[in-house]
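This is the structure I have questions about; it appears just below.
We just call them A, B, C, D, E, F, G, H, I, J, K and L in the order they show up, numbering each chain from 1.
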Amino acid sequence: MDHVYKKIELVGTSPEGIEKAVENAISLASTTIRNLRWFEVIETRGHIEDGRVAHWQVTIKAGFTLDA
Amino acid sequence: MDHVYKKIELVGTSPEGIEKAVENAISLASTTIRNLRWFEVIETRGHIEDGRVAHWQVTIKAGFTLDA
Amino acid sequence: MDHVYKKIELVGTSPEGIEKAVENAISLASTTIRNLRWFEVIETRGHIEDGRVAHWQVTIKAGFTLDA
Amino acid sequence: MDHVYKKIELVGTSPEGIEKAVENAISLASTTIRNLRWFEVIETRGHIEDGRVAHWQVTIKAGFTLDA
Amino acid sequence: MDHVYKKIELVGTSPEGIEKAVENAISLASTTIRNLRWFEVIETRGHIEDGRVAHWQVTIKAGFTLDA
Amino acid sequence: MDHVYKKIELVGTSPEGIEKAVENAISLASTTIRNLRWFEVIETRGHIEDGRVAHWQVTIKAGFTLDA
Amino acid sequence: MDHVYKKIELVGTSPEGIEKAVENAISLASTTIRNLRWFEVIETRGHIEDGRVAHWQVTIKAGFTLDA
Amino acid sequence: MDHVYKKIELVGTSPEGIEKAVENAISLASTTIRNLRWFEVIETRGHIEDGRVAHWQVTIKAGFTLDA
Amino acid sequence: MDHVYKKIELVGTSPEGIEKAVENAISLASTTIRNLRWFEVIETRGHIEDGRVAHWQVTIKAGFTLDA
Amino acid sequence: MDHVYKKIELVGTSPEGIEKAVENAISLASTTIRNLRWFEVIETRGHIEDGRVAHWQVTIKAGFTLDA
Amino acid sequence: MDHVYKKIELVGTSPEGIEKAVENAISLASTTIRNLRWFEVIETRGHIEDGRVAHWQVTIKAGFTLDA
Amino acid sequence: MDHVYKKIELVGTSPEGIEKAVENAISLASTTIRNLRWFEVIETRGHIEDGRVAHWQVTIKAGFTLDA
């Protein structure tokens, strides 16, 4: 059988770093979407407060099986 | 708390111009999506009829809070 | 009236080729989304097994009328 | 029948704004090219004089039917 | 002698597939342009009707000898 | 004489539209930089409040003569 | 164990079409490289002779396991 | 009031990792620039010595309020 | 009056180098197109024979006044 | 003397994070390639299992001295 | 110590060629900026007069040590 | 017969200029690779010393016949 996947675009945030921001996005999305399979980092940004990174904002695309 | 956002891609159209096309896309999306926060213009195109711009087609990505 | 469209990103797969992978993605999406109007090919990839293309993976964006 | 289109690249200019610059390019091109069908905005630039935008320069690609 | 080439942008369409759309564009262009030498695929899109690809639209750049 | 130019990146904002956001950036920059000569629009974004565009954010690069 | 992959860039050619050109590149590479796992299409070009596509040239990146 | 921001491009370095390299760039820039507000990661590179990453080099754009 | 420009894409070649390849393209185009005003280098390639650059191939876009 | 470098493309993986994935790729490549000098991160992806990042996949280009 | 660099964008011009335009930009910038370390060519353009290149315009980014 | 080509990425350097840096990369690669056929310039950078270009660094992709 030929699988079909859907990709959605998410922005995860975290004061800790890039990996944690990605994990946060995937973790929340997983509460409603079954079968998340992979992600691609699209953009990394962040907010600065008082000369320090206040939180990281990482945009990802995440793919999941549409046909399950 | 670490926010998570989702971004969707929309194409707004208008015979008037770019800003109005964007406003149309956001206005319609707002009827079903709470918490739209920002947009990014991705592409600007349009249809031509009789040597004039018949309508503008502006593709945007719009982000909204997923965790509210 | 000014139309608004939404674009979604899909990955169709097929052992046969690029066109069939695209058709598979559109065919499955059409079972739940009315008014699919156009698509754009974003990326073409594939898996290799035993020195041959096992299946093609074609990422598309597909647009549909949001205001119907 | 399978249509074929040609795309040409134009730069329209206007002191008024982006939409007017696009309209100027399409309007002039329409005097010699029949069947202009659509355009895509490629780049937006402009000249500055005395701290103000003197004119907008918008590069578009415009497509027309080649087989009519 | 140093050759000079010109590149033009065409959109071929076909209900059959990508290769046929490209062939259609080149075939029609060849009726008026001598010395077409190579092409580059720029974009692949298509129209959807009733949940199926109605026709493929492939944008190419085609180069030909200007100095012949 | 061979001129040299410097390009700086600015983000202008306005609730009115794209052109006004660009004009705002150029107008403020002109108070301290002599000889602004041209600009290029790099990105167009905006903030959304209550389902409407609250303000447009347009990123430009602006070039000025360095050797005057 | 953490895998490491190497990606190489190949150009396959074929008078038949895009899929066959990709298959040709993978087939030849497989005679010397074990463990080819996936590919990504980078560019599609071709040569034109007598107003017809003489052969397709498809550039791919192919990845294989480096640590096997 | 309509804010205007300026964006500058910095390269931070660190033997520890990406986040620390970004923090270093922002920390140093903050000693002379008030009102740093956000950053965008543009490129991630690094130097290798003896088969290990000697230091990470992360290029960012950082935006600050110009009108304060 | 608002000017309109057309941009065409040319490939100049030369065994000598990049500048000469560009000059060749512009020189030949000028024999039929009045009012060439500027160019932009798009791509630089070349052919290799016997381990040396046989000729440089430089793709440019050249703009000229359409309304003169 | 004029140095010449070769760049190869690698994908490192790790369940821990981006930096570790890069280190893994460089570490393995260093067992066979002398003189690795720098790297550039090209793409960051990953696999998801059970709503968590199972491993990070980071594509890099790594450069080494060819003439040593 | 972890170095931090700043990158600025300059456009050098010259009637002679690309290298000379770059040298002109770097030479002028060096009169006020200490520690220029590297440059990257971003764009190459030029003005045409009477069917010949009147001057080359080369945009570069130049990096210098910020912490010295 | 359907040819297959492999593309490798090289960085040539020279204090003289862009063309010489490319020639250096091709010349050295030719000592071990038969059948180099074409190249594409990917990036042009350089090192600055004492306000002058110390050497040019030009990244190219070079293609050669794999099936000979």
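By definition in this document, contacts are C-beta pairs under 8 Å (C-beta built on N, C-alpha and C of every residue); 3 or more make two chains touch, one makes a residue touch a chain.
These numbers come from a predicted model, not from an experiment.
Q: Can you list every chain that touches subunit D and also touches subunit E?
A: For subunit D paired with subunit E, the chains in contact with each are I, in label order.
Q: Using CA atoms for the superposition, what rotation angle relates subunit B to subunit C, in steps of 5 degrees?
A: In degrees, rounded to 5: 120.
Q: If we define chain centres by averaging CA atoms, which chain lands farthest from subunit F? Would you check?
A: G
Q: Of the other chains, whose C-alpha centre is the longest way from the centre of subunit E?
A: Greatest centre separation from subunit E goes to chain H.
Q: Centre to centre, by mean C-alpha position, how many angstrom separate subunit D and subunit K?
A: Using C-alpha averages as centres, the distance is 31 Å.
Q: Just give me the whole-number Å value for how far the CA centre of subunit D lies from that of subunit I.
A: Comparing mean C-alpha positions, subunit I is 22 Å from subunit D.
Q: Between subunit F and subunit G, what distance separates the C-alpha centroids? Give it in angstrom.
A: 44
Q: Give the residues of subunit I touching no fewer than two other chains, as numbers and ranges.
A: Counting only residues that touch two or more other chains, subunit I contributes 8-9, 18, 29.
Q: Pairs of chains that touch, anyone?
A: By the stated definition, chains touch in these pairs: A-B, A-C, A-H, A-J, B-C, B-D, B-F, C-E, C-G, D-E, D-F, D-I, E-G, E-I, F-H, F-K, G-J, G-L, H-J, H-K, I-K, I-L, J-L, K-L.
Q: Mind listing the subunit B positions that touch subunit C in their complex?
A: Residue list for subunit B touching subunit C: 8-15, 20-21, 24-25, 28-29, 55, 59.
Q: Going by the contact rule at the top, pick out the subunit I residues touching subunit D in the complex.
A: Contact set of subunit I toward subunit D: 2-9, 61, 63, 66-67.
Q: In the complex of these two chains, what residues of subunit K are touching subunit I?
A: Where subunit K meets subunit I, its residues are 17-18, 43-48, 50-53, 56.
Q: Name, in rising order, each residue of subunit H that touches subunit A in their complex.
A: Counting only subunit H, the residues touching subunit A are 18-19, 22-23, 26-27, 30-31, 36-41, 62.
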